[in-house]
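Per-chain residue numbering starts at 1, and chain names A, B and C are given in the order in which the chains are listed.
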C-alpha cells in the first residue's frame, strides 16, 4: 500500500472545503446569525464604553494617553480575531470530552487538533475584526504614525504574532478539560484575562511582570508587539523576540492539547 | 501473517481510578485523597481475525468490549501485550491506521451534523484521498445495495436514527478500509431497518472482502452476519469459535413453546440430559390445557445468556 | 417544596461540586491571579491620576469592589442558559418537565449546592486575602451580615435573570448570542466591569433603576458601607430595591416560563 502524503497544501485545501460547506449551512440559520452578530457588537460596545468611562475619570494611565491606549485597544481586538474565528471550537471541547463524543475525531487519518478545530469557523469574529480595525485606524490617524509599506508589513507580522499568544492561551485552557472535569471556569477566566491585554504591561512589577510575560503571556497580546509600531525608536528586545516566542507558545499549547488527547481514556461512553 | 487483518497477543489494559468514598463526608475526604486503585479492563486477550471475516465480539455491559475496540483503533494504548492491525501497531501509527479502518458507533454520528450526506461523502473522499474513480465506483455499489436517494441530499441532523446509522455505515466503508468496527449498529432501530442494515453490512463485506468486527447485544445481528463469535467477560476472553460449535455444547438443550388455554405462548428452556420433555408437558397439562406444542433447538440468544450467566464452555 | 427535598438537592449539588476537586483548586488559583491583575491595573491608574479619591472611591475601595465583584461573579455564575439549551437539543427537557417538582424551583435548588461550595471554596478565601492585602480596609461589623443577606437577594435576582434568558432559548437555537447579550449587559450595568460610581451622571441615573445593580453593586456597596448604607435608613431602601426586583422578576419569569412551556407542549416540542 502506498503511503499517502498529507502536507500543508492538503490541510489548507481541506480547511477551505469544510469552511465553504460550513458557511453555506450558516447562511440557512439567519436568525442565529443576526442574534450572534448583535451579541458580538454588544460585547465590543460594552468594552468600548468601559474604556470611555475609565478615561473620563482618569486621563492617562502609566504615561499612556487616550489615543495610544486606543491604539493598544484596537490592536488587541484585531489580534484576538483569529482565536475567535478559527479556534472557537475549543469552547465545545469539554462537553465533547465529558460526553465521550470526542472520540470521533480520533478515527480520521488527519491531525486530531486540526480536524477538531476545522469543524467550527466563527463568522462573528469578523465583526470584532472590523471594530478593531476601525479603532486602530482612528487612533493611528490621531497619533500621526507615518504610513509606509514597511510599517504596514511590520503591523501585519506583529498582529499575527500577537494572535498566536491568545490562541496558545485558549488551547491550553481548553485542554485542561482532559484532566479536570469542570474546566469551564478555567476557560472563562482565561478569556477574561485577555481584557487586561489592552493595558500597557509596564504596570506590572516584580514576579508578576514575569508571570504575565512568560507564563500567562498577556503582555504579548498587544503591548510588546504594538511597541514596534508605536515607539519605533525605542523597541525593547522582547518585542523583536515576540514572533519567535509566539510560535514557541503556540507549539507548547498544541503539544499540551495533544498530550491531553493521548492521556485521556475516553470513558465517557 | 499477511492474511491476518488483526492480531492481538496477550493484551492487557489497566485504568487508575480514584477510590471514592460515600456520602458528604466522603466527598470532602476525596478532595485531598491520593487513594487510587487499578482496574483491569482487559486481561490477557489474544485474538486473530482473518481477512474478510465477520466476527461477533460479544460480552455483557462493562466486559471490556469498547476498551478493546479503542485499542484496536489506536485511540488507547494497551498497558501490555501487542496489537497488530494490517501488520502495524495502531497506537504508534494512528493516522496510517485510520486510513485502513472504518468505525461506526451506533448512537453517535461521526458525520458533519449540518451537512447533506453527499457533502460529507465528498469531504471524506478528500480526507482519505480516495481517487475519484474509486469513489464513484463505491457510490455505485451503495446504490446497488440500498436506496440512498432519500438520504443523499439530506442533512444528517434531519435524519431519523435509522437513516443516520445507515449513513454512518456507508461513510465508514467509503475509503474501502480493510477492517470496519461496528459498535452496536442496530441499537434502537425498528425491525425492517435492522434487516436493511444487516443486508448492507453483509453485501459490503462480500463485495469488498472487508473484515468486520461487530459488537452487539442483539443476537439477531449475530445470527444474520457472523459465523464466528468471541465472547469477553470481566476483561477476559471466555469463548472464541463458531456459533454452531457453541450451540453444540448446549446440544441437549431445547426450547419448549406451549400454547396455553388462553392462547398465550409460554416458553421454557429444557436440558434433555436432566429433564424429560414429555414429563414437563404432562405436568403442565395437569394445571392447564395445552393447545399446541413446538420444540426448537436452543437459540443463540439463550446460549449467550447461559454463558454470561457463568455456564462453563 | 418541602425542606427535605431542598436539603437533598443542595447536598447532591455539594457532593457533585466536590467531585471535581482539581477544578475547585484551579478556580481559586485563577481568582488569585485575576486579583493581582486588578491590583496592578488600578494601582497604575490611581498613580497616574495623582489624586487619592475619584468619585468617592479610593484605590483600595475600587480594588476591593472589583475583586469581590469577580469573586461574586464566579460564585453567582450559573450555566442555566447553557444547560437549558443542551437539554432542549437532546430532548432531555421533557424528562426535566416530568419531574414532580416545579421546574424553576428544581433548577434553583439543584444549583444551591454548587453555590455553597464555591462560596466557601473560592469566595471566602478570596475575601480573606483581600482583607489581609488591604490591611483592614473592609469594615468588619454588622455590615458583613447585611452583605450576606444582600448576596442571597443578589443570587435570587441573578437566578431570575438567568431563567428569563433561558426561557427565551425555548424559542431560538441561538444560545450563544442570547447568552452573550445577557452576560455583557449584566456585567456592564451591574458594575462588575467598572464600579458604577465612575459612570457619567446621566447614564448612572438610568442604571440606578435597573435590576442589574441588585446583583453586584448593591452587595458590594453594603460591604464597603458606601452611600449611607452604614445606617439603617440608608440600608432599607437598598434592600427594598432588591426585594422589589425579586418580586417583579419572579412574577415575570414564572408567567413567561409557564406560558412558554404551555406553548411548546401544545406544539409537540
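Convention: a contact is a pair of C-beta atoms (placed from the backbone, for glycine too) under 8 Å apart; a residue touches a chain by one contact, two chains touch by 3 or more.
Since the structure is predicted, the reported quantities are computational estimates derived from the model, not experimental observations.
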Q. If you take the mean of the Cα atoms for each chain, which one ends up farthest from chain A?
A. B
Q.
So, comparing each chain's Cα centre against the centre of all protein Cα atoms, which one is closest?
A. A
Q | Averaged-CA centre spacing for the pair chain B and chain A, given as whole angstrom | A | 43
Q. Taking each chain's centre as its mean C-alpha position, how far apart are chain A and chain C in Å?
A. 27
Q) From the C-alpha centre of chain B to that of chain C, how far is it in Å? A) 49
Q.
Quick check on chain B: which residues sit in contact with 2+ other chains?
A. none
**Q.** Overlap residues in chain C, where contacts from two or more other chains coincide
**A.** 19
**Q.** Touching residues (chain side chain C, partner chain A) in the complex
**A.** 17, 19-20, 22-23, 26-27, 30-31, 33-34, 36-37, 40-41, 43-49, 54-55, 70, 74, 77, 79, 86, 172-174, 176-181, 184-185, 187-188, 193-194, 198-200
**Q.** Interface residues, chain A side, partner chain C - complex
**A.** 29, 31-32, 35-40, 42-43, 46, 49-50, 53-54, 56-63, 95, 176, 179-186, 188-190, 192-193, 196, 199, 203-205, 208, 211-212, 216
Q) Can you list the chain A residues touching chain B in their complex? A) 1, 3-4, 6, 10, 13-14, 17-18, 21-22, 25, 100-101, 103-104, 106-111, 119, 262, 265-267, 269
Q.
List the residues on chain B that touch chain A in their complex, please.
A. 15, 66, 70, 73-77, 94-96, 98-101, 103, 105, 108, 110, 112, 114-115, 119, 122-123, 126-129, 155
